[in-house]
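The following pair of complexes shares a single chain, chain A, combined with chain B in the former and chain C in the latter.
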Partner chain A sequence: MKKSKSEPLFHITKRDVMPWYKTWGIRAAAIVAALIVCGIITTITTGLNPFSVYASFVQGAFGSGRKVWITFQNMSILLIISLALTPAFKMRFWNIGGEGQVLVGALATAACMILLGDKIPNVLLILVMTVAALGAGAIWGLIPALFKAKWNTNETLSTLMMNYIATQIVAFFTVVWEVPKGSFTVGIINQATNAGWLPQLFGSKYLLPIVIALAVTAAMYVYLKYSKHGYEIAVVGESEKTAKYVGMKTGKIIIRTMILSGALCGLAGFLLVGGINHTITTTINSGQGFTAVMVSWLAKFNPITMIFTSFLIIFLERGAGEISTNFGLNQSFADILTGIILFFIIGCEFFISYRIVFRKKKETTSEK
Partner chain B sequence: MFDIVAFIPRAIGQSVPLLFGCTGEILTEKSGNLNLGIPGVMYVGGISGVIGAFVYEQQSAGNMSAFPAIMIPLACSLLGSLIMGLIYCILTVTLRANQNVTGLAMTTFGVGIGNFFGGSLIKLSGADVPSIALSKTSEYFSASLPFASKLGWFGKLFLSYGFLAYTAFIVAIAATVIIYKTRVGLHLRAVGESPNTADAAGINVNVYKYMATCLGCMIAGLGGLYYVMDYASGVWSNDAFGDRGWLAIALVIFSIWNPLIGIFASILFGGLYIVYLYIPTGMDYMEFKELYKMIPYVVTLFVLVLTSMRNKRENQPPASLGLSFFREER
Partner chain C sequence: MSETAVELKNITKTFGRVRANYNVSLEIKKGEILALLGENGSGKTTLMNMLSGIYFPDEGQIFIDGKEVVISSPKIAFELGIGMVHQHFKLVDVLTATENIILGLEGRLNKKEAKEKIKEICDKYGFDIDPDQKIYDMSVSQKQTVEIVKVLYRGANILILDEPTAVLTPQESEKLFNVMRNMKADGKALVIITHKMHEVEAISDRVAVLRKGEYVGSMMTKDTNAAEMTNMMVGRTVALNIRRPKPVNPKPRIEISNLSVRNIDGIEKLKNVSFTANSGEILGIAGISGCGQKELLEAIAGLQPAESGSIKYIKDDGTTEELLGNDPRRIEELGVALSFVPEDRLGMGLVGNMDLSDNMMLRSFRNGKSVFTDRKTPHDLAENVVDDLEVVTPSIETPVRRLSGGNVQKILVGREIAHAPTVLLTAYAVRGLDINSSYTIYDLINKQKEKGVAVIFVGEDLDVLLELSDKILVLCGGEVSGIVEAEKTDKNEVGLMMTQISK
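After this line comes the complex of A and B, so read on.
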């Protein structure tokens, strides 16, 4: 670049790979900055002093033994959904249909519990529930994948539409199964017999989803990093042309990955109905299919990092929930704070991949 | 009996928010930005207008006049959606963040803002009213021509809407003309198809991306404003706006990036959105109503697959849709 008067004040260049502690330093700084902004906004709306705002956050997530368990339970469900979406995202298949895939999994589970409860032994019932939930989720993931593989249909929109179709199917069955008639709720399924309720692990009703989530995390890490499938997913994601050139059947990979993605979402639905809520509603998943997209992306599609990002999101949700109950504010306050923090983290990625070079500085040898 | 004269005005009423959202998103996508934050923007557009109208109604204490009653909510709504557009642009254009993730975060944020202020506005402002019902402001927004009711079915079909409904159609036509018939539109399409080429031709890519996205957000935000002030008669209820924002994004594909087709598509979808009310089910089979509500989404999915099957060159999305532009990267 020649030095002349017309050279701009600064220009932007791509960075080489940063050491990991620096990237995490930038992300941590972004989170701190976001928390400060959140604190200011909370102070303006509630009149609290900022420090008690942060105290309420911690109180909401860790205030009591029960709260800690619920925090980890919610986190494990979100983690499973995020992990489910990750292989699809890694091959640049924007599956934002997690919501629908979880819902059909939950619906299949509830259907087994209602129709087969007390008719077959409990162990068998739970087995059937698992298979049905995974299968239903897989089918819901398979449909957009087929369209994508065959006709290159935009998957962002097709998976999105599948969400609403799933919601209406659940609404339909809610009316069919409603107890009592006209209430538009299914109520607790098999309350008397507990048929199909997932067993407690070591006497704790919260532990099972957590253990399953950790197992899925480990399995997904190995699958993506060390298996042939994981490698193929990465190649398709980086460049579909390369994948075709080396003879990979991209259509087959897309379909296979989406079946896995959908089935894991179905697993989350299975845990929600069989292990936690014991009922089915259209909002049982409360938008976590969308939140999971951000959890997965924030973690840069790394399953281990996802433990922290899902924790961060759930911590915020629980904390903001606590603030809204304490001050009679609306629950949506959590969404605003989550949004702000996401903006900061999304924005900070720029400073990880690019650097700003000012005019005054001597030309550095950063460019390759 | 199926009453077509009653059905069409309702379908058009439903179609206006969709059309605003669709036109705004087409403009945005033509610049190569896929803004999945439109649902959030529409919530913000709606609630900003509500806040403006609420404050004005409280301050004026009954002595309202037409001009500020319309201009204050309108200005607030435009400002609210403009801020959302700027957030999106700063993140995706200046900071080159992933557009899908930014969009989803904006939707979370925007819907959160809408529901939060919708639920807490009364408590926050300390006003002495039971719920947000801006019926007076709504009267100004939904006022139709005085002689419309005297013209029978003609007046009902064509003249019974508030001014924002006509604005939606005018904006859609204007957007089509600008995109396809003017030099600015040509530049905009060039930016969306191949930013590097546009840059080499001396077009300031980032300025076009900023302008198109912010303008698109402001148009989409009007859809939220129309919904609250006209369609819902000034009553804000949380989540009532629902998934119209997502449908608007789907409509963009349905109308193959042409706002003119968007007009007809949105009327069709407006009809599909409420058609379940008109299908007789009887009291014993209420559950089937839930299945009929599925129709717009199934149709969208069907059309989506169909357009991708036909795969015509002129029906494709802008080539650089979803990608950030970085000048120094060739």
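After this line comes the complex of A and C, so read on.
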């Protein structure tokens, strides 16, 4: 009778595990729904035909042979960074310092190229660059890990702040190495000699990072799933108390894992400078250290799934860029569309775990 | 004489695939204490949670005083006069009893008035609390009293107590029962959920039994007995006695002297504890919860640093190893086969999100020189444990958190006894387990004892401790208040030792 005592309109109940085809069905439905919403918003706000916008979206990523290669190249760097963050995340160590770890790796690579460029043979130089980049990234990962292991400091803050330190150091060296003087840019390093430029694979300048990314994916999958280290990471992540109970040294595991995480980020920096850009800027990584957090989470920390999630993110990024130039829209509009699509993709996970039960029509009950 | 206070009709509630309650119809009468019985996972707490507005039934009707009601939130349950005291208290530590009791109530805040009303309630039913005492200064039994007064303050006429005696000494339980009888005389309807049969017999007027979420039946307590009630709960006949085989050739195995432990906040949890645990014997540890049981076991297992004292492990050849100061891994390397079934099963002993096989691996993953884990041995072990201990699980690949409490415990105990321990530590091994699973666990522990294992069994049910243990060590506030022969003592003596240091 009283209003406050009526049955709620709906309530939420937990679902049982769904078969895989149903979960993928929900995800597919989410993407379709996202495209419909994007279409409506596009039409309302710009008056453009959504289908031509979508076509242009696809064009951005796959419009030409070169665009396809660049899509995969970008994807491979993002994939490596995502894989680098994954062991830390599995351990519930929130490493959001990927950006800084990539940057110091890139800086170390650039330093070797500039300082040793014409002094040692190229093979040796590339070797030194690799070691320096991995080492620099590892140190950048190690510092917050040490603080966490010794004093239990909050790693989210310390890894984040390490990003800013890295950015400033790179900015400093950009001025030290600037060519020409006063330009605040380093310019293409060793343009004449190509010293320290990574070799082309099978005549393609795009292939090397892609091959390395796939190798890292496979290695990370095996490491996390089958190695003793991987098992320890999983246990520490699930419950530190359990880890202690079976005699695992959690501090040691945290430090070891963050060295690995940082070193792999350093590898991404190495590829960015040595293999792709041949220069260094503070924005060389364009925020991928943060994007990788999302890639890793979307894939639920599964390295194989990460191939797809990194592809999805890069596809959206490149498509969005394309429509903003083709239709004279600005980058913000592209970001709106990307945001809508991601919202649907992430939001649909809720419907995979939960079910919403709506109020049934009042059953006729004569007893009062 | 007895009017119906609550009537549940055809209540059904499902969680995913699990059917917690199916078509349950139950009446609760005024001026009556109803004991709600059932094995674990039989849906007692779920059913009561629907009555108190925490869950919402999928189907069915609830009538209060003959009128159909919809209880969509705990607030509405309070308005209808339904109050529930949960197993885990929901109190704010730094506030006083009064502040906790009026917390969340609407209207003008008047502590003085509130205090008077609380005093009135206390006098009426025989509660004993100081309204100005802070919660952190209170014993478990006092906290429980605050919880009960809290629901009475809100005008509850229907009280639900979820395993209220699990944390109390026999003397405190008796006090609680007296209060319950006073409330009954005042015409309130009471529901008590408990696993202890002798309490059901002592306090309730009527029992209602649930089995696998379904209502089996109800009967007057005076017309039934423990055996009949148990059979109804389980659905078949079960024997209700615990074996106590004679210890064979007991020899000192663990020797603890003057052990003192401070916890992370610097509070003294153990004070000068000394005792010896023999091989082939079960040493029961009794005490009110939080009297140092956890710290004692964790110190032996290498998880809790101590301030002073020593824990010596005596090998068969008479040589000794000091365990204190070593972590679990180091203890293993010393050649000490120590098994530990901790209180916090899913938070410490097992990893809830991992499957059975990966949980078995916790003890064995270091074996072998390879950088990769051996996955076959733990998988085989998991299969063996499932077969031997009759674990109910959809598969070996199921995360253990999806299993029921009893099955989780079987997995943990199964793993811990698999590597042929010489010392077995168990903390509240049967807490939250139903009768059937409990007896399986007692049996497993007895088998270890017969193999010559030194068992240290921390328990809370004195009846069980008295039946199972050879000796009982009683802890009181971190000190040993005595070690007694289980056969030569009784509940009263142990109960008194739990609350005071004799001599």
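Just so we're on the same page, the second predicted complex is superposed on the first by the 337 of 368 C-alpha atoms of A that agree within 3 Å, B and C clash if a C-alpha of one lies under 4 Å from a C-alpha of the other, contacts with A are read in each partner's own complex, and residues count from 1 in each chain.
Throughout what follows, a residue touches a chain if its C-beta (ideal position, glycine included) is under 8 Å from a C-beta of that chain, and two chains touch if they have at least 3 such contacts.
Nothing here was measured: the structure is a model prediction, and the numbers come from that model.
Legend: residue contacts after superposition of the two complexes on their common chain; A:195 is shown touching neither chain B nor chain C. In the overlay built on the shared chain, the residue A:104 is in contact with neither chain B nor chain C. Judged by the touch definition given at the top, the superposed model places A:142 against neither chain B nor chain C. Contacts of A:77 after superposition on the shared chain: neither chain B nor chain C is touched. Contact with chain B, but none with chain C, is seen for A:160 once the two complexes are overlaid on the shared chain. Residue contacts after overlaying the shared chain place A:13 against chain B and chain C alike. Within the superposed three-chain model, A:245 lies in touch with chain C and out of touch with chain B [touch as defined at top].
Which of chain B and chain C touches more residues of chain A is settled by the count: it is B.
In the superposition on chain A, contact is made by A:357 with chain C only, not with chain B. Looking at the shared chain after the overlay, A:234 reaches chain C, while chain B stays out of its contact range.
Put simply, chain A uses residues 11, 13-14 to touch chain B in one complex and chain C in the other.
Residue ranges of chain A in contact with chain C, taken from their complex: 4-8, 11, 13-17, 226-232, 234-235, 238-239, 241-242, 244-249, 357, 365, 367-368. Interface of chain C with chain A (complex): residues 14-18, 56, 58, 61, 67-70, 72, 76, 301-303, 327-332, 340, 342, 344, 347-354, 358, 361-363, 365-366, 370-373, 375. Residues 34, 36, 87, 90-91, 95-98, 100-102, 104-116, 118-120, 123-124, 238, 243, 246, 249-250, 253, 286-288, 290-291, 293-294, 297-298, 300-301, 304-305, 308-309, 311, 317, 326, 328-329 of chain B are the ones touching chain A in the complex. Those residues of chain A that touch chain B in the shared complex are 11-14, 45, 94, 96, 147, 151-154, 156-158, 160-162, 164-165, 168-169, 171-176, 287, 290-291, 293-294, 297, 328-336, 338-340, 342-343, 346-347, 349-350, 353-354.
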